[in-house]
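Everything on this sheet refers to the single structure shown next.
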Amino acid sequence: MIDHLPVLLIAVPILSALLILLAGWYDRRFCYPISLITILLQFGAAIAILLEVMREGTIRYHLGGWAPPLGIELVIDSFNGFILAVILFLSAATVVYARRSVEKEIDPEKRISFYVLFQLLVTGLVGMTITGDIFNLYVFLEISSIATYTLIASARRPRSYVASFNYLVLGSIAAGFILLGIGNLYVATGTLNMADLALLLPASYGLATVHTAFLFLLIGFSIKVAFFPLHLWLPDAYTEAPSAVTVLISTVMAKVSVYALFRIVFTVFTTAYVIDTFAVTGFILFIATVAIIAGAVLAIAQNDLKRMLAYSSISQIGYIMFALGVANQLALEGGLLHILGHAVMKGCLFMVAGLIIYRMGTSQLSDLKGVAKTMPISCAAFALAGASMIGIPPTIGFMSKYYLVLGAFEAGQWIYAAVLLVGSLLAAGYIWRFIEIAYFGDHHSEDRRPAPAREGPVSMLVPMVALALLCLFLGVFVEVVMEAVRPAAMLLLGGA
Amino acid sequence: MIEAFYELFLSRYNYWMAIILMLIGLYALIAKQNLVKKLIGLNIFQTAIFLFYISFAEVQGGTAPIYLPEGVDALYVNPLPHVLILTAIVVGVSVTAVGLSLIVRIYEEYGVIDEDDLMQVVRGR
Amino acid sequence: MRENVVIRTVSRLAVPFIQVFALYVIVHGALGAGGGFQGGVAFASSFILMIVAFGLASVRKRLSNKWIVVYSVLGITIYAGIGLLCLFMGGNYLEYGVIEAILGIPHLHGYLLDAVEIGIGITVMAVMTSILCDMADKGGESS
Amino acid sequence: MKVKALLAVLFIGIILFWTVEDMPAFGDPQAPATQYTGKLYVESVLPDIGIDNIVTAILASYRGFDTLGEVVVIFTAGISVTLLLRRGGRL
């Protein structure tokens, strides 16, 4: 059965989503356990696959027994094996966290659909990660997008409908561009398989069709990852979504979109293309630095905790795109490490924000004065993950930025390396703002006492604290992670 | 001159048609204030992309990709884009359905389907 | 809505033909132009006609929400289930050729494609009807 | 807003217009897509699967996984509309 794990990773969760619907129709309480079990099984399978890949090399699975280019294949190599393990770990953490948060935020009769869509979203993202066919990527992208549009609006708050609709419009433009790019690639080469495309494309690197395909795929996925000037959907969507959904889309979905972009830039097109033939890396590097600064500055200007973290995501996506722009071994190691690190720490921070909303009913910074007295564990977790966000050693955030800076030095981009440090300082600015309010803000000076709050339920605290500690442990034992990251970065650059 | 014109425009008129439709759709999607009109723009945009796919599947003198009886010598058009577009159409329908239901909810909550008015109402609350 | 004899009579006549045609399109997928999606949508369109002519309640009576859920789940289960069946028969996922080889029935591959198309048709029909009913439903009296 | 939209559309339009000259002509039998997978599918459906409709064969067999994804997409849309619009009832 181990041979068939890649496809079971998608087929079983689809059936399980159906089971959630049927079981939920019978009794609503069945939904959550089925969802939890499925995602834990997926996580176990992902770990098994990752170990298999690190031992045996790339796994290729031909669906229907048809070899590409006729059929679709699933490809798991050291790069997406790593991403797969990361996203399923975070999905598992989120689903543990989701239970109480959903009970609070989602209407009882909507919970069945919520868990079905939650499951389908995770499945779609897993599909995007392991597919080796570029059109199949589009199909799974759409499964996850449609699930996301609805999940954002699933708390049925008026503003969330508007946020969701804006995301739907931009997301559909992005999907349209991606479809157009795929079409152009198909016209130029006649195949849809990624490995096949990588073989056939160099012959037609000079064609305008290929350049256009690249541009459209780049713009499309940039909208999906909320790369700086195309980020307009992100703050509203992250702020208005229910807490559990925010955690899932800010960690898992954002990372999978970044993965897809990396996959297309480095595997379908190669470094040779993006550096020599159609030199965009310098431009991406420039925009990435602008994103880092602008995202952080905008984050400092916010008055709402969730919105602040959302803008911080834009800044952090800049770091990952920075790695794409530098495109050498060290920087890519840093970028991949940051994919993991940012997922862990942003997941933790959004979990804290969700917990504060769960207890206090608000995430306005002005209402959170002295919250550390009533919710000490949450605020400690926030401080730890925030330290990682700033990049204080020995956290994972420090390690990833360290590798990014090393990579930038190696490429001779001194100025850009300096921008990374400025970004860290700005991150300190917005993280410190919350810390100051939570620990040193005195709520007695206000006439209006905040709602009496206490620490959240255990099922929400455990994943949050685990992620916070993970920020620290991953930084200390970074060599273990590098075992997986190094071959992945080498693979992206075209090595074995 | 005429040859260049033929090369660029007449022999590739299908792409021009698709592109013009695409741009019309994109413009409507971005510039129109009415949310329903935005979705109509989205549909035009998507349909133009479908048209683009289907038109590059065409082969001069080809017939639909269904085998003719044995012995008949036939040239078939490229079947793959048809398959892809069948998938993409369904995706388009799904997105439209979700978008329309969001518009229904927005209209129920705020009583407007005009983007500028909507922004005013949302800020006002 | 005011009752209109012409619309009702014509719809009553047309609906069965639309549905038979939809079934024809679904099962004709392997031989000629046709397939699950087209047929499923055509089938759902017969329900639109019923909503327009007889109102939402008449459709609800024939296809309640429970059955919509059952049908939409059934369709995907047929598809994904055939895929898993291939897996258990020792092939890859969706490798219909394995079933044909093991059972030794000629042209089974084509019949399995038909079965898959029927699965697609059922799901598309159910989901399209569900979307239409939800959109047409104003009062929230659904069961 | 109108001006911004026009600029964005112009930008996309210029990229698209730039492509056209390198596209194969309409109905060109020598186009890479037609020569490579197009031909391959037309030649292999009859011996491999033995049904007449090439599109259905590709849809359900060669690229069956895409189609599974597509059915899931429409299922997702159905659940989404139910979640967003339906009041009362079990879902």
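Chains here go by letter, A, B, C and D, matching the order in which they are written, and residues are numbered from 1 within each.
Convention: contacts are C-beta pairs under 8 Å (C-beta built on N, C-alpha and C of every residue); 3 or more make two chains touch, one makes a residue touch a chain.
Computed from a prediction, not measured in an experiment: that's the story for all the values here.
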Comparison of B-D and A-B (more C-beta pairs in contact): B-D
Where subunit A and subunit B are represented by their mean Cα positions, the distance between them in whole Å: 29
Mean-CA-position distance for subunit D and subunit B (Å): 11
Geometric centre distance via CA averages, subunit C-subunit A, whole Å: 36
Centre-to-centre distance between subunit D and subunit C (centres being mean Cα positions), rounded to whole Å: 21
Multi-partner residues of subunit C (each touching 2 or more other chains): 32-33, 35, 69, 76, 80, 83, 93-94, 96-97, 124, 131, 134-135
Set of subunit B residues in contact with two or more other chains: 22, 26, 56, 66, 80-81, 84, 86-87, 90-91, 94-95, 97-98, 101-102, 104-105
Residues of subunit D touching at least two other chains: 16, 19, 21, 23-24, 31, 33-34, 37-38, 41, 52-53, 55, 59, 61, 63-70, 72-77, 80-82, 84-85, 88-91
Touch-based graph of the chains, sorted into line, ring, star, complete or other: complete
Of subunit B, residues touching subunit D in the complex: 7-8, 11-16, 19, 22-23, 26-27, 30-31, 55-62, 65-67, 75-84, 86-87, 90-91, 93-95, 97-98, 101-102, 104-105
Parts of subunit B lying in touch with subunit C, wherever the complex brings them together: 64, 66, 86, 89-90, 97, 100-101, 104
Subunit A residues touching subunit D - in the complex, by the definition given at the top: 11, 14, 21, 25, 63-64, 66, 69-72, 109-110, 112-114, 116-117, 120, 123-124, 127, 133, 135-136, 139-140, 142-143, 146-147, 149-150, 153-154, 156, 184, 186-192, 204, 207-209, 211-212, 215-216
In the complex, subunit C residues that touch subunit B: 32-33, 35, 37, 124, 131, 134-135
Residues of subunit B that touch subunit A when the two form their complex: 22, 26, 29, 35, 38, 42, 45-46, 49, 52-53, 56, 80-81, 84, 87-88, 91, 94-95, 98-99, 102-103, 105-106, 109-110, 118, 122, 125
